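In structure tokens below, several structures.
Paired with chain B in one complex and with chain C in the other, chain A is shared by the two complexes that follow.
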Partner chain A sequence: MKIKLVLFIVFNIIFNYNYVYSKNNNLDLHKQISKNIRCIVCQGQSIDESNSDFAINIKNLISAKLEEGLNEEEIYQFLKSRYGEWIVYKPELNINNFILWILPYALFIAGGFYIFTKLIKKKKKININRY
Partner chain B sequence: MFLKSRENIIRFLFFLVIFLLLFFLGSIFFKSLNTTKIFVPDKLIGRSLPDFTAESFDDKNKYFTKNEIFNEKKYYLLNIWASWCGPCREEHPILIKLSNDHNLELVGLNFKDKKENALKFLNKSGNPYNKVLIDNNGSVSISLGAYGVPETFLINEKKIIELKFVGPLKNSDYKKILKKINYKNEN
Partner chain C sequence: MILGQIGFLLLVSSLIFSIYLIYLIYFNYKSVSDIISIKIYTFTFLQLITILFSFFFLIFSFVNSDFSLVSVYQNSHTTKPLFYKISGTWGNHEGSLLLWLLVLSLFSFFFLIQSRNDLKKYRLLTILFQNLIIIGFLVFIIKTSNPFLSLYPVPLEGLGLNPILQDPALAIHPPILYLGYVGSSIVFSSALAAMIEKYVNKIWASSIKIWIMISWIFLTIGIMLGSFWAYYELGWGGFWFWDPVENVSLMPWLTLTALLHSIIILEKRETFHSWTLILAIISFTLSMNGTFLVRSGILNSIHTFANDPARGLYILIFLSILAFFSLIIFYLFQPEKKETTRFFLFSRETSILINNWFMIFFLVVVLIGTIYPLILEILNNSKISVGPPFFNILIIPFLIPFLIFMSIGPRMNWINTENKSIIKKKLLHLLVIIIIFSPMFFYFDKKNILSLSIFILGIFLLLSLLNELKEFFIKSKIRNISKIISHLGFAILIISISLNNIFSIEIDTNLKVGDSYKFKKYELVFQNISGKVEKNYNSVIGKFILKDIKNDIIYLNPEIRIYENPPMITSEASIKNNFFYDNYITMSNIQGGEYYNIRFQKKFMMLWIWISALVMAFGGLLRVFKK
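Moving on, here comes the complex of A and B:
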């Protein structure tokens, strides 16, 4: 039973990862980058969604940088060095925002632990009732 | 008493938690009412001016690098402007006043503009700039971490950005710039 469960989880992770990886690779890199950059003159929109002058300039810049041979991370670094970390939607993990990063995982683990202990208690109860 | 039974204590604690949570959220909303939502990128203030190359306004085939533009040991005021931009007209008299200060050199970066319109603008309102450069596609402005026109940078003799002004220069900014350049030169 345990082996089946472990195998299920492992295969699930592998196939999900493969799916996400292939999907990302098929996406147009330019679109992918501009979707992750915040339009700072039209807040609430990404560069990809906006047609403001600033967004058009950034889109042109992304094309130029991709042609120069820069990769996605290097383009983010370039923009971050000019506009700060706020320009990208996915922030880096640092001391100011680590709670935001950790909280979902912590809640997930705590929830899992809670369910696990409940199940064990229930199982014990059933076993006691059986004997 | 009310808190004697266990149920009552739990109920009390429950309402206390709800009250504290609402109070916390309410205070965040209340505080956010008065904070400005306009984002001013200040990443480059206090840092060295990034490298860039820009076309000369006078000669189409001539390009200047950062070191060629800011080649003297003095203060520079880099102003991003365009003839189509209303606030640029508003700040123009301040730029003219600043151009009279011999401790300061003014560099204009003409942003996404037609050359004839830019020339007309300078002829009509006066040319405060020692050097004028062109940014046709906005890439130079992005290299400088700017996001529109007008935007002004005060750059010191070590090519470090000391001050940055988003939007038209005001009289208070004029005083700030003068104070900065003249204070340094007196010492």
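Moving on, here comes the complex of A and C:
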């Protein structure tokens, strides 16, 4: 009962909070794109975080391209063709980066497989011992 | 000048003591007596004292602005406040390595004193491995990174410390992080020693657990301080950027967390010997990796690697030797498999294994994301950036099962949970929580679905833990209170981050004095600017007013600081917070105009992110003091 009460209160707080902030508070597309573009003249910053000339130029470029009607992916492609793959923070899935994207999942599956086969074996052994 | 020479001589004598110690250990190991010879205590103490004094002399040189030393000249300045002169000692490559060494010998000494109840041969071997690491570092410092290197003619003024490093949080961040990193060296050495001495058992597990806990606590606080610094100093308003420098500190934290869990199985159930040993070895290798990668500058770009080939090469060789020999020791002395350990699917053992499974997955993601670009550049000269999108895509979805397991797992019994009703009850709770919160999914934008799911599971975890707390205090059932508190910290962290993600607002605009900017239910007014002169910088301070619909007013005063030594312009954020959100504003000048670039953010639950890390560390601290 108490848990439900607490939940009710939490729930309400969150909803009321949401009235203060309006519904569409997400970063707009421009911001989202800028956050994924490396400022190649800075040290480890995205162009969103930088005020360097380079960052400002690219931000303007993104605005222009958005007005031209390009979508997010097309803008990334455009920037990549101009500045190299390095400029985008999300490496694409290609032959070069195959290991990067696949290895973590592969190891996760292998690890899980190992753990559970081991457990199931153990279970069988225990059953045998019981009889 | 003279202090510097003494400092260097002290380092050399410390190297001699360390080598002599190895000789002493060898004979003591062979002798039949059960006690460690008093000479070993004496020389371990001498080793510590010489390094300590050498470090003090370096601090004195920094305080006195003794520019005859290259490291002081390059990193200090006479006009710098005393506090930052001191912290400048470890704000550079050479000094920070000396600090590392100091902590290493300090822990080595403490281990010798604290482990009196353990086997003699095991203790000796642990000290032996510690000394091999110490010697490795001493040679590295003396040969390639000597902080006492002198300069002639003596310059009149130093180059100064990078202003963004002149900050209280960052002054204490490296020492605390190092305590965490180096603490894992004891875990590493003792794991190797225990393996050789066939001492990997309950007794070893419970005696080494405290060292794992200590380094985990320091690492937790160290990472949090670094993140806190990045939040208010870098002026971007984020607290985690998946920057390589952050990633390398997260990696040993992940393995130490895994180790903290697996050591419990070893202690309680005498199983998973080999796995626990592997984690111990990996943790320290990653810690060392972290310090070296950050300090050698390899991470920012491969090209800085070439700036000082000697350092990079030494690092690489030392690390490889260490990793290679620990693998050989592991291969030769690996504990034999015993068939006595049995457990069922629904058991505490399984849930701890699942924890380790996920921890290793997170580790692999962070590791590969950090080093893959480096490897790729060497292999086929193509440059890629692995940034936040990669880490978010791989890690966040996996948090969903992780949080469910984390809520249910600790309720399992050892060996087998006969009474499955607890699991059913938990799943029912989860269902109720999902139903209660499900309207939120329709209410928010699609982009927030993942954050919302994480939030809901965070609440599920929080409630399970509160339930356990209730059982502890009201029904006075025996529960591991330090575990509950640390897990509670993690639940708060998860909830805060997900809410922060959903509710934060960010505004980026250009304003001049007198302008105002309306957004949502707020109005931001740029009132005026004023100048100020400080000891080591000049600053321009903007005065802003933030009004909301209820006409509540908040004053914000961001600064632009102009440092002269070294010349640099920084933006200082102005942060006004309350319990639930931070108002965060930075301004920066735009060249050739009266306009300023204003970045305003309302960050939800920020304070709780810091609190949660402290709560996690506090839980660990309770366990240390309970012992």
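A few points about this structure:
Convention: the second predicted complex is superposed on the first by the 103 of 131 C-alpha atoms of A that agree within 3 Å, B and C clash if a C-alpha of one lies under 4 Å from a C-alpha of the other, contacts with A are read in each partner's own complex, and residues count from 1 in each chain.
Here is the rule we go by: contacts are C-beta pairs under 8 Å (C-beta built on N, C-alpha and C of every residue); 3 or more make two chains touch, one makes a residue touch a chain.
All of these numbers come straight from a predicted model, not from anything done at the bench.
In the overlay built on the shared chain, the residue A:Gly84 is in contact with chain B and with chain C.
Of the two partner chains placed by superposition, only chain B is touched by A:Asn57; chain C is not. When the two complexes are overlaid on their common chain A, residue A:Ile95 makes contact with neither chain B nor chain C. When the two complexes are superposed, the chain touching more residues of chain A, out of chain B and chain C, is C. In the superposed pair of complexes, A:Val41 makes contact with chain B only, with no contact to chain C. 43, 84, 86-87 are the residues of chain A that lie in the contact sets of both chain B and chain C, per the superposition on chain A. For chain A in complex with chain B, the residues that touch the partner chain are 40-41, 43, 53-54, 56-58, 60-61, 64, 80-84, 86-87. Those residues of chain A lying in contact with chain C across their complex are 3-4, 6-8, 10-11, 14-15, 17-18, 20-27, 31, 35-36, 38, 43-46, 48-49, 51, 84-91, 96-97, 99-100, 103-105, 107-108, 111-112, 115, 119, 122-123, 125-126. In the complex of the two chains, the chain C residues touching chain A come out as 234, 236, 241, 243-245, 300, 342-345, 350, 353-354, 357, 360-361, 364-365, 368-369, 372, 376, 380, 382-390, 393-394, 398, 429, 432-433, 436-437, 440, 443-445, 447-448, 459, 463, 503-506, 508, 520-521, 580, 588, 590, 597, 602. Those residues of chain B that touch chain A in the complex are listed here as 37, 39, 41-44, 50, 112, 137-139, 141-145, 147-148.
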